[in-house]
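Per-chain numbering from 1; labels A, B, C and D assigned in written order.
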């Protein structure tokens, strides 16, 4: 019985967990509920991924209603890896949260914090699981609202401002999205992805459809912080509680990228020309801008959290670049980087979170020589940094390898060179961190830093180890990513697999 | 007897050791005349070649090293030590 | 305002019908305009009115914060549990056909219970918002 | 069983050992693990069957993580011995980080020796750089460690760039002989030469190694440069350009070693010089010469570890490493003194030491090839080497001068390590066949023949007489001599200083122009530049505006 309901369980489990955590109103109980719920979710997501890899797409009708009327959940090779990723990062972030919240969150709000984490997970998983454009909007809002709360729970007063800004920007994005969905419904008469794709050829006047595309793509671009719509992200990541940053940085933008890929490949067609340029070209231009401008901005940051946040904007550029390359290697690279970047950035934010908790600062100039007093956290940060650069032996290398391969296969050598060139910028901003934390004489804060508990470092180390592991043995993620790419590029162009 | 100055100001113990070394070298060169040589470049097969060549090159390198040291000496410490 | 006799007396007269009306809207939602959302707002209005007249503390005695904060998730929980109940009867999530002896009654029961959940959450959220605003001190 | 063994790189025990060391507290278990790891690696070096392991598929590349032949075994044996002796020597040092880093470093060097393709080689190559940087860092000199790291990053980039180019050639990633001609092979060669300490970057050796701890330098002296020699033997045998480079290194190092005051710095220069010998032999490229280079690398690891141990022991016992401040230690530290003499004599190729065997092999190979210039120069350098290693170093450290009143006692483990290494040096010296078994092609050279021994004795005694005469000139002095590191340590600062001064002058000239420009159009652009960089501080309205603009643009473009 359970196996058949997995597509909806993967969303329900964190949702129920969140409700129970809220009902318990007890910090310790809420943590254990959150832990159990997130692990169960991960199990469900893993089982789903197994089913999809073995037997192809799974369809689930909510309430038994026909997709034309009701909501269909659809798990396929594209969404399965995303579900797995989000669920896994959820577990890691919640394990990490146990110790970090004691420092970063007011005690009365800890249970709420876990609730919001779980609800956010439910929203993100729902976005990936649902095959209904409007249902996705609902989940988008669920995840966004809980995200605003998560950010606002940060102790730094600037967190409120960041959350407020994100609230406004996120609402604009969601509004654009829902307007786009409305236009889509207007032209096709359905909200179901599969049916939309079926009815697209019958549409004679594509005007409304083009408007829908503009609204939906720009709306999602706001959510995924595509350059130049990224400005909400650095503050939101910098001032949110550490575990929230780790969760958001490794999942929220990734799900938005997934959604973008869904719409661009399955519904609108990425190679289609809009006026004089194709969608892919426009996306590529913005991605390249993101890679260079955001990396450049990262170089000049003093707060490591902000630095990493800017690096996220740049790395999202790599992902969207992979989508824009739009051949199998490129899209494989994009999906690989979705997963790999989630792992490395999760590890990086957790490591800096541990340092922030212990040393009381995430400012670069105050953390000189922290590697001496906190070698484990600094080591994890180093591994993540090397992966951000794309050093061979880390997962970052593998995804960049596929991106470069995709660029070369597309006959765009200059693009391959640009990808490598932007890595040089990553060398600079990661190099700054490494130089300060390892090679400087310890600063006062560094010397006073105290040991952090293992439960804080364990998820960090697991993520760092996975970053290395997937750099050495990339078989599993590459399999997931390449089947996602094959499914997106699909047998029948423009139709959902 | 005037005391020698400068580098030749050799104290008695060192003089004794040096004398022994010179004698040893002479014996070695002497023996060298009775050993079959496999020189590859002609001159290196001649008896006593190693003795004079070794002495000459040692003197040469000391001169080279000291000359370079006086030429390339850096005043003060290094910038970033 | 606690001393204003007219308001206090009128309020006493209005409160009960207000709550009754909320229940009417709730239960009549199947046949006419209404449902859990509207009913929740109306019921919340009763508490809010009481709070406006008798003060926040009095309202908090009727609906304490602890209850409120449990009611918000509880409503959603009712909604979701009804959906899960469908799963145990061999249907998909949110499938109500088997909740009663036939599909039509099953759907009716399902929607009724779901609306109850909506009522609880909307009611408690509204009251919660009122508390949050009314409880703010001037900085 | 054999299949499973064939896929086991001798690098694994060391790398696993490095991680295991991190897991255990300082204590007997950790000590045992650290000692066991190199011994297990040594066993694997000989247990792994010769030949190449089954290829591994990775990202569509065919990788051979393990490939064994006599050359790999020779270097593997040397690396394992150096690691084992180094761990034994450092048993007393309280630094888990250094121990783990050293094992990682040794494991990476081992991985290089047994790598069956270029990609695997590169991965271990970089791992070696990381491990060695950590060893330097464990000594506490973070600035030197940073310079060391940057130098190796630079070498790594050159290597990687070359690798990328040659991988596209028909041979792919296979280990094969390159001719320095195409850009790819030049880059590859340059990358390797950076690690070998070739000019113009040779100063990194003497910059970094003496700043490691008393135990760290022992590890450092063994691996990086010798691994580079190994890779050169594999990839660039007979590369003519190596001969002049090697000769230069030998002479350069001799000059600096003769005037150096810091013992470990002197030994570091000496590493460069001895690697120069090996490079010359690799450049000659005959089968015999290559084997001689390998054998010399093996022996060099033995005696240079020994010398570094003796230096480390002196540093530990007296807290002093400058020759000018030392003296008369022979009576106080007899074991260390013996180790220093054996090591120094081995370095100077005194007969009946290991150094004599391998250096004779190299000279014989040069003679066979009729490389006259190289032969005469290196013979001269040999005589000079005896000056500093066989005479100057022991004389000023052990004999001459005032002995300190007391020295800190040395633990047994350090003495034991030195004795073991000294025994190896003497054993090979008395029985050259031991070395010939490791490097079969040098078996043909009859090392302990009368004319050879006589030749070398004359050379040494003659040099000794020179030393006796010029003793005063060679007395250690505290001084700093300019070296290649001026290029990256002083030049940039000088240039920058010049530029800053120049800018100030220019400013005075252009100031009026600039003010006018700034008040005009200049005002707008910086605002936007700052906004892009400081995106986090955009106003919410600006973000909304950007989004709306993008949407409008999309709609407009679509409508056209």
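Following the convention adopted for this analysis, a contact is a pair of C-beta atoms (placed from the backbone, for glycine too) under 8 Å apart; a residue touches a chain by one contact, two chains touch by 3 or more.
All values derive from a computational prediction rather than experimental measurement.
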| item | value |
| --- | --- |
| Intercentroid distance (Cα basis), subunit C paired with subunit A, Å | 36 |
| Separation of subunit C from subunit D, taking each centre as the mean of its C-alpha atoms, in whole Å | 76 |
| Length of the line joining the C-alpha centres of subunit B and subunit D, rounded to whole Å | 30 |
| Where subunit A and subunit D are represented by their mean Cα positions, the distance between them in whole Å | 43 |
| Of all residues in subunit D, the ones touching two or more other chains | 143 |
| Chain contact topology (line, ring, star, complete or other) | line |
| All pairs of touching chains, each written as two labels joined by a dash | A-C, A-D, B-D |
| Complex interface listing, subunit D residues touching subunit B | 143, 254-256, 258-259, 367-368, 370, 372, 375-376, 379-381, 383-384, 386-387, 450-451, 454-474, 479-482, 489-490, 493 |
| Residues of subunit B defined as touching subunit D within the complex | 7-10, 14, 17-18, 21-22, 24-25, 28-29, 31-32, 35-38, 40-41, 44, 48-55, 57-62, 64-66, 68-69, 72-74, 77-81 |
| Subunit C-facing residues of subunit A, complex | 1, 5, 8, 12, 15-16, 18-20, 22-23, 25, 60-64, 115 |
| List of subunit A residues in touch with subunit D within their complex | 164-165, 168-169, 172-173, 176, 207, 210-211, 213-215, 217-218, 221-222, 228-235, 238, 274-277, 282, 293-294, 296-297, 300, 306, 309-310, 313, 369, 375, 391-393, 398, 401, 435, 438-441, 472-474, 478 |
| Subunit D residues touching subunit A - in the complex, by the definition given at the top | 58-59, 97, 119, 122-123, 126-127, 137, 142-143, 145-146, 149, 160, 532-538, 540, 542-544, 546-547, 550-551, 554-555, 557-560 |
